[in-house]
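Below are two complexes that have subunit A in common, paired first with subunit B and then with subunit C.
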Partner chain A sequence: MYAYDQYDQAMVDARVAEFRDQCERRLAGKLTEDQFKPLRLMNGLYLQLHAYMLRVAIPYGTLNGGQMRVLADIAEKYDRGYGHFTTRQNIQYNWIKLEDAGDILADLAKVEMHAIQTSGNCIRNISSDHFAGAAADEVADPRPYAELLRQWSSFHPEFSYLPRKFKICVIASENDRAAMRLHDIGIRIVERDGELGAQFYVGGGMGRTPMIAPLIRDFVPLDQLVTYSEACLRVYNRYGRRDNKYKARIKILVHELGAEEYTRQVEEEFAHLLDQGVEPPLAELERIKGFFPDPAFDAADAEPDRSDPDFAVWLDHNTHAHKMPGHVSAIVSLKPVGGIPGDATDAQMRVLADLAEKYSFDELRIMHTQNVVLPHVSKADLYALWQALNEAGMGTPNADLMGDIIACPGLDYCSLANARSIPIAQRISERFAAKGKEAALGELKLKISGCINACGHHHAGHIGILGVDRKGTENYQLLLGGSEAEDTSLAKITGPGFDEHGIVDAVETAADVYLRERTEGERFLDTYRRIGMAPFKEALYD
Partner chain B sequence: MTEQAPLRLREDEACMEPAVTLEAFAGQTNAVAVRIEPGEDTRELLPHLDRLRRIDIAFPAFTDGRGYSAARILREAGFAGELRAVGDVLVDQIAYMRRCGFDAFDPDAPLDPKDVEAALNRFPQVYQSAADASTPIWSLRHQ
Partner chain C sequence: MKLITGNDLKTGAVTWWTGDDWSIHIEDAADAGDEAEAIATREEAARRVNVPYVIEAEAGPDGAPRPAHIKERVRALGPTVRVDLTLKPDDPTAAQKVI
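This part shows the complex of A and B:
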């Protein structure tokens, strides 16, 4: 894992002092709320329906046990004993007092963490593959590149007042586990003729106008990564729309200019910037890579004993192939039946910290699906791990199944929401668990947003649900056919929406159409793509 | 609007000429100060930098960050005259402005000099190279 040196630590410490000073000037009336708002947002502090929410960055989703314990301490000391892991691999706390924010940031800084640029119209926390450095299908560990970009984008003087927020994702596999093409910039590290370089996909996103990012450059050499990113951002900062908040994301600029013209402008700016000395030397990338060595795996390759049938089910659903024989990555579900997707209590976080230290070389990952990964677990330890997880309510064997729902906070917390998301997720999870249909359905990614801003990724769900306000009551539209993986696609609306009970029935109806129509080996998404919307519409509305 | 003199971080004598608009500048060969609005292309000035003493970059709202790119582009092109941020210029953005090449500030509302001092000296280092003389952390690490 990356470790701060004196420079990184000094920067984070200075940020804490700066934010304390800004809070004081706000309280003294020297800053208006309008002036203070972007400053607090760039420190992760939102004003929600009932209280402030603080979003803490977990760079590329990687953290260690000690850091997880501090996240637990914050939940206990400053919140109501829980935190909420987000679709961008961060954690947020929903019940924060403004006057505690400075102390929380100081607590975080002690374990090399922060809330810098987790909100606001700036470059946000860089996300990555949750199996980075563990998966068998990568050409490299993407995290050193993400760390290089994290440092470049932190306190960037030119790009802190962009037209809108800006999200970058870095992966290094043909298999996309991070929704790479649904980011403002999606970077895939690739190998060409034995050389590593980066593909740049620019202008993807969800929100009210979902777009899949086009490829604008197939190979950026590693010693031009920062310069190329800078060129992409400068064109956006200069020409991205500022007249309408809803048309301000880079996807709109790329769409309106056309990918070809946007690319032309970026290449021109890039050619200019190459002479400006903005690129760190490759030695800096090498220095960062030095923090991500393979753990000292022991080579034994014994298959776990599958005689406990419940354990066997968990093994089948919640483990992922590792590059090292004898190891797997274990997915810890934060989606118990009827639970709130992505929530973990302080006690659960402490269990995760202990288990990471004991079984996974002191490493944890946050998934964009709002679950947690123990990336490097010896197969010999899996049974003990599973028992410990079960005891803490985190052993639900539902990774990528119907119950593994992504949901935004919705109207229970969020001031932008039109409808509640969490109770819908809870009812669907309960319905399918009670009927025992979940396993039969296999991989089925259900994603729920409580408004068109799409924080719950409904456009990318095999089944998506969008909550809207219809004449003062909550109404839920059903969408089918989205994917955030390497076969990226955007889901389509089935037709008129449903009320909060009707939507649960509708999801079951769609699942039943799949069960009836599927052929051997087809996932829900495959069947939908083969048979199209018509049979689903017929079952839902006729 | 305040009558306070602009805050200058340069030693030379201030150019007191009124700034002309970019459009007026195009047809006026003797202007030495020009004002750039957020939607205008700063690069139109590049052929004429040697006869300009001051460029004002307007910030109608502090949240509109186009002026940061404009400033950096001018410095990258070698402009050595005064670069003045004008308008909704607040103390919490001033350090980033400085890094993008601004060396004078003419804010709508007066700035507290103590706050300016603190803001400009808040961060011990910088993570990236920009239009100022700061040495980025990546360079310090490999000296």
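This part shows the complex of A and C:
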């Protein structure tokens, strides 16, 4: 894992002191809310429905046991004993007091964490593949490139007041596990003729106007990675709309200019920047790479004993192929039946910290699906790990199944939401668990958002649900056919919406159409793509 | 009726204008009537509460004010999915009453 040098630490410590002072001035009445709001947002402090909410950055979703333990301590000491892992691989605390904010940030800084740029119109936490450095199918570990871009984008003076927030994702495999093409910039590290470089996809995103990012450059040499990123941002910063926040994201600029014209302008800017000294020396990238060595893997390659049937089910669903024989990446479900997706108690976080140290070379990853990964687990340790997870309520064998629902906080917590998301997720999870249909359905990605901002990724769900406000009443639209994987697609609305009970029935109806129509080996998404919307609409509305 | 609400400066807690002070319990909220906007403006200047604003409500079945919009009813109670974290942790029907 990357470790702060003296400059990183000094920057974060200085920011803690600065924000502590700003909080004190606000509490003393020396700053108005209008003056204070942009300052707190730069430090990840929102004001939500019930209290202040603090969003803490987890760079590219990677953290160690000590950091997880501090996240648990914050949940216990300053919040109400839990945290919520988000679709940006971050964690949010829902019950923060303003007078504690400075102390919390100081606690985070001690373990090289912060909340900088987790809000505001700047470059946000850079996301990545949760199996980075472990996956068998990657051409390189994408995290050093994400870290390089994190350093470039942190406090970048030119990009602190962009037209709108800006999200970057870096992956390094053909299989996309990070919704790469639904980011403002999606970068895929690729290999061409033995040389690594970067594909750039620009102008994707979800929200009220979902778009899939087009490819604008097929190969950027790695010694031009930062310069090309800067060119993409510069064109956006110059021409992105600032008069209408709903049209201010880069996807609108790329769409309105056309990918070809946007690319032409980026290439022109890139040519101009090439001799400006923007790019850090390759030695810096090599220095960063030095923080991401392979762990000292055990050479043993014994298959786990599958005689316990419950363990065998968990093995089949919640482990992922590792590049090293004898190892897997284990997916820790934060989606117990009827639970709140992504929530973990302080006790559970401490268990995760212990298990990471004991079984996964002290590494954890936060998934954008609101689960946790132990990336490097020896197959010999899997049974003991599974038992420990079960004991802590985190052994549900449902990765990528119906119960593995992404849900935003919705109207239960979020001031932007129009409808509740979590109760819908809970009822669907309970319904399918009770009827035992989950395993029969196989891979089925259900994603729920409580408003058009799409934090719950409903556009990218095989089944998506969007909560809306219809004359003061919660109403839920059903969408089908989305994907955030390498076969990226945007889901389409089936028709009129449903009430909170009807939407659960509607999801079951759609699942039943799939079970009736599927052919051998087809996932829900495959069947939908083959037969189209009509059979689903007929079952839902006729 | 018109209620004035906001979030407490220090804790962020949802708070309601009682007529002469603020309370976290909507049962204490006062109908501010035609003076509501003026009181909200005055209280914002006092900087005890973040951005006070006026909402519509009516008297509920138990006589307590019931906000017209579901968002304000959720604010008044707390998260419907964690009644243990709300102001009515011992009332298992509290969440249903909000909807």
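What we mean here is this: the second predicted complex is superposed on the first by the 535 of 542 C-alpha atoms of A that agree within 3 Å, B and C clash if a C-alpha of one lies under 4 Å from a C-alpha of the other, contacts with A are read in each partner's own complex, and residues count from 1 in each chain.
Operating definition for what follows: contacts are C-beta pairs under 8 Å (C-beta built on N, C-alpha and C of every residue); 3 or more make two chains touch, one makes a residue touch a chain.
Worth saying up front: this structure is predicted, and the values here are computed from it rather than measured.
More residues of subunit A lie in contact with B than with the other chain of the pair subunit B and subunit C. In the superposition on chain A, A:Trp152 makes contact with subunit B only, not with subunit C.
Touch criterion not met for A:His501: it reaches neither subunit B nor subunit C. Contact with neither subunit B nor subunit C is seen for A:Arg306 once the two complexes are overlaid on the shared chain. By the touch criterion stated above, A:Ala10 is placed in contact with subunit B alone, subunit C being left untouched.
Shared-chain residue A:Arg242: touches subunit B; no touch with subunit C. In the superposition on chain A, contact of A:Arg516 is made with neither subunit B nor subunit C.
Looking at subunit A, you'll find no residue that touches subunit B in one structure and subunit C in the other. By the touch rule above, subunit C contacts subunit A in their complex via residues 7, 9-14, 44, 47, 50-51, 68-71, 74-75, 78-82, 85, 99. Of all residues in subunit A, those touching subunit B in their complex are 5, 7-8, 10-11, 14-15, 17-18, 21-22, 25, 30-31, 35, 38-39, 121, 151-152, 154-163, 226, 234, 237-238, 242, 272, 276-278, 280-281, 283-284, 287. Residues 26-27, 29, 32-33, 47-52, 80, 95-99, 340, 411-413, 417, 420, 422-423, 426, 469, 472-474, 500 of subunit A are the ones that touch subunit C when the two sit in their complex.
Contact residues of subunit B toward subunit A in the complex are 38, 62-66, 68-70, 72, 76, 90, 92-93, 95-97, 99-100, 112, 115, 118, 122-130, 136-142.
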